[in-house]
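Next up: the structures, one after another.
Each of the next two complexes has subunit A plus one other chain: subunit B in the first, subunit C in the second.
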Partner chain A sequence: MTLTPHEVAVSQLGTGHGIPLERITSLRFIKNNIIGNKTKKNLYIKLGILSRLQEIVSVKDDKDSQLKIQAVIVLGSFAFGMRKKNVDLYYPHLGPNCGNEDNITALTNAGVVEPLLNSLNPSGDPKLIEASARTLNAIYASPKVSRQQLFQGNHLHVLVQLLDAYSSNVRQGQDLVMVHTAELVASILARCCETSDQQMKIASSGAIPLLMRLLAGGVSKTQEAALGALAALVKDNSELARLIAQTRLEKGERPAPFILRLVRDKSPTMRLAAATCLTYLNRAGVIPDHYVDIMQTVLPVLVKMLLLTGQVQETAPKILAYLIWESENMQKAVCEMDAIPKLAQIISVMEDGDLMYGIVDHRDKLKENSLLALAAISQMKEDCRKQVIEAKVLPYIVTAMSHPSVGVRAAACQCTRSLSRSVKNLRTSLVDAGIEAPLFQLLSDDDPGVLSSATATLCNIVLDVSPMKKTIMERGIVAKFVHMIGYGDNIVRLNAVWAIKNLVFGAPSDVKETVMRQFGYHNLVALLNDGELAIQEQALNLVRNLACNNEQDINQVFNGMGSGQLLSIIEDKLTWDDQRLLEHALYVLVNIATGSEVHKQSVMKRPSILRSVLSLMTHESVAIRVATIWVIINLTWPDEKVSQSLHERVSVLRSMGVEDRLRSLNSDHDLDVRDRVKTALDHFVVDQQQHGHGVPTQ
Partner chain B sequence: MPVFAQQHSTEAISTVATCTCPVSNDVLIDGILDHSISTLQFQGHVPSCPLHSSQSAVAQLKQQALLKQRQARQRKHDPFECTRLLPTRTCHLYPGSKFAGKQRSGSHSYDVIVDIKHVSLTESTLCGYLHIKGLTEEYPELTTFFDAEIVGPQYSFLTRKWDADESTDEEHWTLFQPFDDIVHSCGRDKSKYDFAKEPCIFMRWKEHFLVPDHRVEGISGASFAGFYYICYNKSTGQINGYYYHHTSEKFQQLILSHVEERTSFGSYEFR
Partner chain C sequence: MSRRPLQSNLQSSNPAGGLTKKIISRDEWDAKLAGVQVDREDLNKLIMNYLIIEGFKNAAEEFSHESGTKPPVNLESIEDRTIVRKAILRGNIEEAIERVNDLNPEILDTNPKLFFHLQQQRLIEYIREGRIMEALEFAQEELAPRGEENPEFLAELERTMSLLAFELAGPSPVSDLLTPAQRQKLASELNRELLLSQSQEKDPKLPALLKMCLYAQQQLDERCTYPKIKDFTKAELVMEPMGSGPIGGASGASGVGA
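Up next is the complex of A and B:
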């Protein structure tokens, strides 16, 4: 038996071997063997090469930098995956694009990160620094690698110093290496902006001015890397976005117009990097002066990228989705640029073949991002939804809801959520496409993102205009919602209450009763005082919908919660400075006041509620003013026969100053308010005609 | 103003508010969420301290704390969280609203009920169901889904589709008396019509499919290929309309008034 040349090579790396030249030769041999060869990489890892390399890189002695450089390069070979496109390098936050997770885990387990960070010491060999930066960059391509070490000790400071490629201290002949190192460091920093804390630490270490200098420097790959780092710093961080938008480049120019020119660059990766950076700045609301530029330049550039291939095509739809997400005008503009057929094309031509479970490859990512873009486009405007339906892409969206990739499932569900925000779609295309069964299936999904999109979509499916309401209720959806309210995370809980509220809107008494028997009024009371305001709002809206339509329904709520408790809750909510809560609380009163004398009296017996209503009659919001007047209208609604209790109610309200307040609203600028005031005042006038002046004796 | 300090006792940890006025409200607001009101005790207030007098002041501060928390959440929101489509309404146009009346076609007259299902003033649209009785023998009662374009900043008086040209528009809109007033107020430039401020709302109602089964196509003796020119009066709740289809009998009239069955209002919202 004899050793293989590979075993020989690894054994020669041991520290016992004193001749550096031999070790360098071994490393070169290994390097040439493993490049692009997954099997050989695995073989060497099994032979224990990583700890040998770790030892070499950890040596404090700087004399044998050649050996170190070779070791670092070999480590890099282990870290590199199949995908080396630049966009992939600069946009780690767009998703896990690393094809080499296992090797990288092996590298970090061997403890190579710390010595690699130490090798960045600026007084060392520039070639070693460059090689270390490259290897670290490849390691940080994996989102699984902890970023913690980088923020400890002096490492971040050293990294930021390396961004200073254009300083006057650069040694002659080394400037290209320095610029390339700066590019790699910018890319590393871009990968280490996962939390706002990390973003802040990088910013406060002085990285921003140096990144600006790289951006203005004119070496295009370095510019791209700088854009990537700047984008990562401003993403979802309005504070840093504002800071960066307001800095100036060396010639005094603001970054936005400069980046805007790069959006028209001839290189697609540069265009994408620039568009991404502007997208994040725009969503942060810090470049309002460039609205037209974004509409006229960035949007069309991103839409055209849908026709490209590879990484740029893959990433562009996600950036597009991010850019237009909150803007109705941009959604409309993208619609008019014919983005929908392009996205539909991408989604429908990609047939799912032999996909292995859980592996996220380019095809999945492209599908996920394209679905997200469709979700963004159809989120707010019915016209855009119509175009998506007409593109005949819905069957593919529904299929994608059961895709093995979590990302694709979540994005597909976002899409159905956007499309289901329409009465027309709920009645037609969504029924035809059969979204109900796959949607119900997703309620058992392990992924919280998928679960929250699915529950959100269900909020729309259970509306009375949806023919799917009946069947999905028969599947036991209410019990599922009730369970989620008790056990889900806050978003899922919110969605579940929201869904129940939508479900009982306009529902007959027996449905309301069945739902509340499962839900339990004690749970409803708890939600009305939930720590999440958004949940309180939905719970209050639910009470409003329950106590609506007829006396029986009001009775149900009165019996379920106890009228005293109910009115106390409303009394409390009326003191909140939150328009949504106020509106729902007022409409609970409006609805109760349509009920029997007992119901009306329950409100009349609460002077503080009546005082709140009176003071809200001059609220700045039209919706609130209208609601208050409806409370008065219903409390003073004339019965068929003249009733003493009606007269008493009118008198109490009059003595509080309600009638005077109504008269002052006669000149309200809003016609709805004026017309409702007219009705309410009529009630007071009729009462006066029948009973004359004066307050009734108690 | 008090700040919160933890006091350890043999029993559970209770929170004590010690008045150290004037500490900023924010300290108090930030602190208050971590503690339930019932475990708070108050000690040593100066009289001006809001916590001095009443528990309701504490409740107020808790409200402020929750509102502040909501604002903070909004700043740190998920970038792909859907924008809310808050329900909108004006006068008699709200989800759940009903209108009843007749459609006149020559000497015939049919009972009509309109159910409003969704109103989006921000998108200048609404939609609902239109029930018509006795139109054909096969279907003694027919229900269609329709949607509406509300004339205003987003939809012009000019239809430019559905086989209607400018003269068709002119011919129909002028049948509505309030339309004269617009010519006076807006002149020829009717694109400036702001339905939110005017007493009347002009719309086009277009039927799309049958309810409950949208797949049914072609009903002998009935058609919904055309559309209605509509004028709704905000104050009276009256809706007038004229059906137009280039092959149908002209000026079939729709007259509806708002049904004030019950003045209770539920509310739903798309998620």
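Up next is the complex of A and C:
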């Protein structure tokens, strides 16, 4: 059987072949065959080329760099994917770069990363260093590749040294190679900077001043790569963000105004890189002086990118979403720039197009990011939510809730979550758009992100006394929540308790009873003692909602939990130093005190509860002071039918010093407190007039 | 920059666009032009920018000597691009591909469209040379898989393959594929990518400035009569006779500098 030229080429790479020239020729032949050609890449991997290449790049001998260079380039070609060169190259954290995942796994399994890192040795051939950096950069494009090796030994130190492209000891004629190497290294660092630990290690290795110099250097590709690395360093890291915002470029300028000029650059990828960096700095709160610039320059630039194509269009909405999240003013501004129709256009047009190979990833990402942007824009302003509904994009959002991609599902759900914060009539349009079935489906989603958005959306939707409350209960929603509380992560558990709380809010007694029969009071008691404070808080709030409205509802809770257990829990919570926990505990008391004489007495029989209420009457928080006074008001509420026990209750409270404390609150700076105090004191005064004794001590 | 004086004239012209156009005499115009300071160094930079991006290495060297303008990049990088361009214009696509891979192996791995166009040109060259069996084999082995990966290439592939159905010398709906313009187009596409990979701008500034100038003249034509440049290769100011309409479609820009 005759060998194919490809088989011959691979066989000639073996170490047995002593003639380097022949091996170099074979490598060049292979290189020119596989570049751009996926089929040939697969063929050569099957022929076992990777172990041969690994041997060549692992040789310690530095004399023959030509052979190594060609081998490193061939390795790099295996790592490149079929996707068009894109800005993702510098933004690993914005989403998976579609490299050639299978091939990259084959490369790492063949053990090429360590020898490639070793080939970066600055005393070696600059061409070899450049080629190794390029290949490593392509390998690290895959988020699956472990970043560990890079942070071991001397590697990080060597990489950072290579950022120093503009130092004076650059050899003549090598300047282009050095600058390009620095660009590649900046990109590698951006890709290996995902955790705060990695951020700190890269920063403390001295990368920041060198990245600054690359940023100011004027070579556009290298500037973009430097922006990518700086963005990765400051993302969600206020310490580094502050450090970077306060350094100065060589001419004494701060980085922010410099980057701001790059936001207006001719190249869209540069504009995006610059806008991304400023976005992270802004979210870290370290460039407050540039608020106007962000509003007037960065926002419109990002919005205009929605009309471009490819990677820039794909990434821009995600950055936009991140930038305007939690900023009402920015959301309003973006809304006024007509971003909503543009996003709606992207989302709805994509739906009609036919699916094409290779760009499915791009389409999914574009849809996901556009939905995230819509979610962010409609997060706070009612006007913006109205625009989203008017853009007729709701049916597409609902469809996207059942999308095969987790990211799209989560983003769609985030959208419905924002929209469900709306006033009631807009919430109704969500229900009308058929949100119920897909939303319910998402409550069984494997992804915790999707699950938490879905429960959060549901929280808002079940808040109304709407027909949906009944139908979703018939679908078995409570059992699902119980399951989530048992097995979900803390965010999912929290949202599930929250949703149950909203489900019983203002609900009729029979709904409360049905919910609690399925949920089980023992589960509620467990949650009241949960390890997560936020969950305890929601559980207490649930008790507050359950024991609200009438005596029957209070009885239900008393019977369900046992009044002794309930009051012991409240007694305990009142000793905690957590404002929201205290507030909810107090309002449980407020609600119980609206009940029957038995209910009121159950509180009166707990002197330590009463003492806690008394001491909380001077709490620094207005909300808590108001809550304590409400407890007193309800416990002293005039009622002819039980005048004797009313008098006894007032007397007990008076003897504890409650009336005195109330009088001292007469001069409280808060109007609400003073109003409540007035009502409560009236009760004491009326009692005094009727019974004539128990004059308060001064 | 050269637009500024024209703009100020625009503002002084009759805003209502009445029947009579404002007339700006040759003297007035010359005086205005004389008032505009154009830095000689800036002009030299513009020319250097054009020579480098279009790949005229020798001319750039000469110009650098004569004018003392320092080239902003290594002139060797021009030579690399020139070699690639020449190989394409000769129809030696394989050589061009090998050169590009030596210069930067990332380019063709990350630009499927450009890579496809190069392979398509190889196919065209096989057909031109009458190496039909090789053409078929090449199309099957190299081009068809790319078409599978990116269906947008399929139409172009089909069009190229239909060259086989026609007499090469005769007229056909696909004869444009055999013209030098086809090679030119590819050479420019590749040149742009090489420039981008070297962090250089992909288009020279000079043609853009000429387009801007042409646009400004067209705008001005509606409002006034003035000494205008009609032939950009001569760059002479010509005063138009009264009453003539705007002149459209002047195409002098492409001739400059060639």
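The rule we apply is simple: the second predicted complex is superposed on the first by the 669 of 698 C-alpha atoms of A that agree within 3 Å, B and C clash if a C-alpha of one lies under 4 Å from a C-alpha of the other, contacts with A are read in each partner's own complex, and residues count from 1 in each chain.
Rule of thumb we're sticking to: contacts are C-beta pairs under 8 Å (C-beta built on N, C-alpha and C of every residue); 3 or more make two chains touch, one makes a residue touch a chain.
Treat the numbers as computed from the prediction; the structure is a model and nothing was measured.
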item	value
First, second, both or neither for A:Thr222, with subunit B first and subunit C second	second
First, second, both or neither for A:Glu551, with subunit B first and subunit C second	neither
Partner chain in contact with A:Thr428 - subunit B first, subunit C second, else both or neither	first
First, second, both or neither for A:Asp197, with subunit B first and subunit C second	neither
Touched partner set for A:Arg134, first subunit B, second subunit C, both or neither	second
Touching partner for A:Glu597 - first (subunit B), second (subunit C), both, neither	neither
Per-residue contact with subunit A, leading partner among subunit C and subunit B	B
First (subunit B), second (subunit C), both or neither touched by A:Leu176	second
Touched partner set for A:Thr39, first subunit B, second subunit C, both or neither	second
Which superposed partner A:Trp576 touches (first subunit B, second subunit C, both, neither)	first
Overlap of subunit C and subunit B interfaces on subunit A (superposed complexes)	none
Residues on subunit A engaged by subunit C in the complex (per definition of touch)	28, 31-32, 35-39, 73, 76-77, 80, 82-85, 131, 134, 138, 173, 175-176, 219-222, 356-358
For the subunit A and subunit B complex, residues of the former touching the latter	236, 238, 283, 321-322, 325-326, 372, 375-376, 379-382, 414, 417-418, 420-424, 427-428, 431-432, 456-457, 459-460, 463, 465, 467, 495, 498-499, 501-502, 504-506, 531, 533-534, 541, 544-545, 547-550, 572, 575-578, 584, 587, 590-591, 594, 623, 630, 633-634, 637, 671-672, 675
Subunit B to subunit A touching residues, read off their complex	33, 59-60, 63, 66-67, 69-70, 75-76, 79-80, 82-83, 85, 89-91, 96, 117-118, 120, 123, 125, 127, 145, 147, 197, 199, 208-209, 211-212, 214-215, 234-235, 262-271
Subunit C residues within the subunit A interface of the complex	74, 77, 97-98, 101, 105-106, 108-113, 115, 119, 142, 145-146, 148-152, 196-199
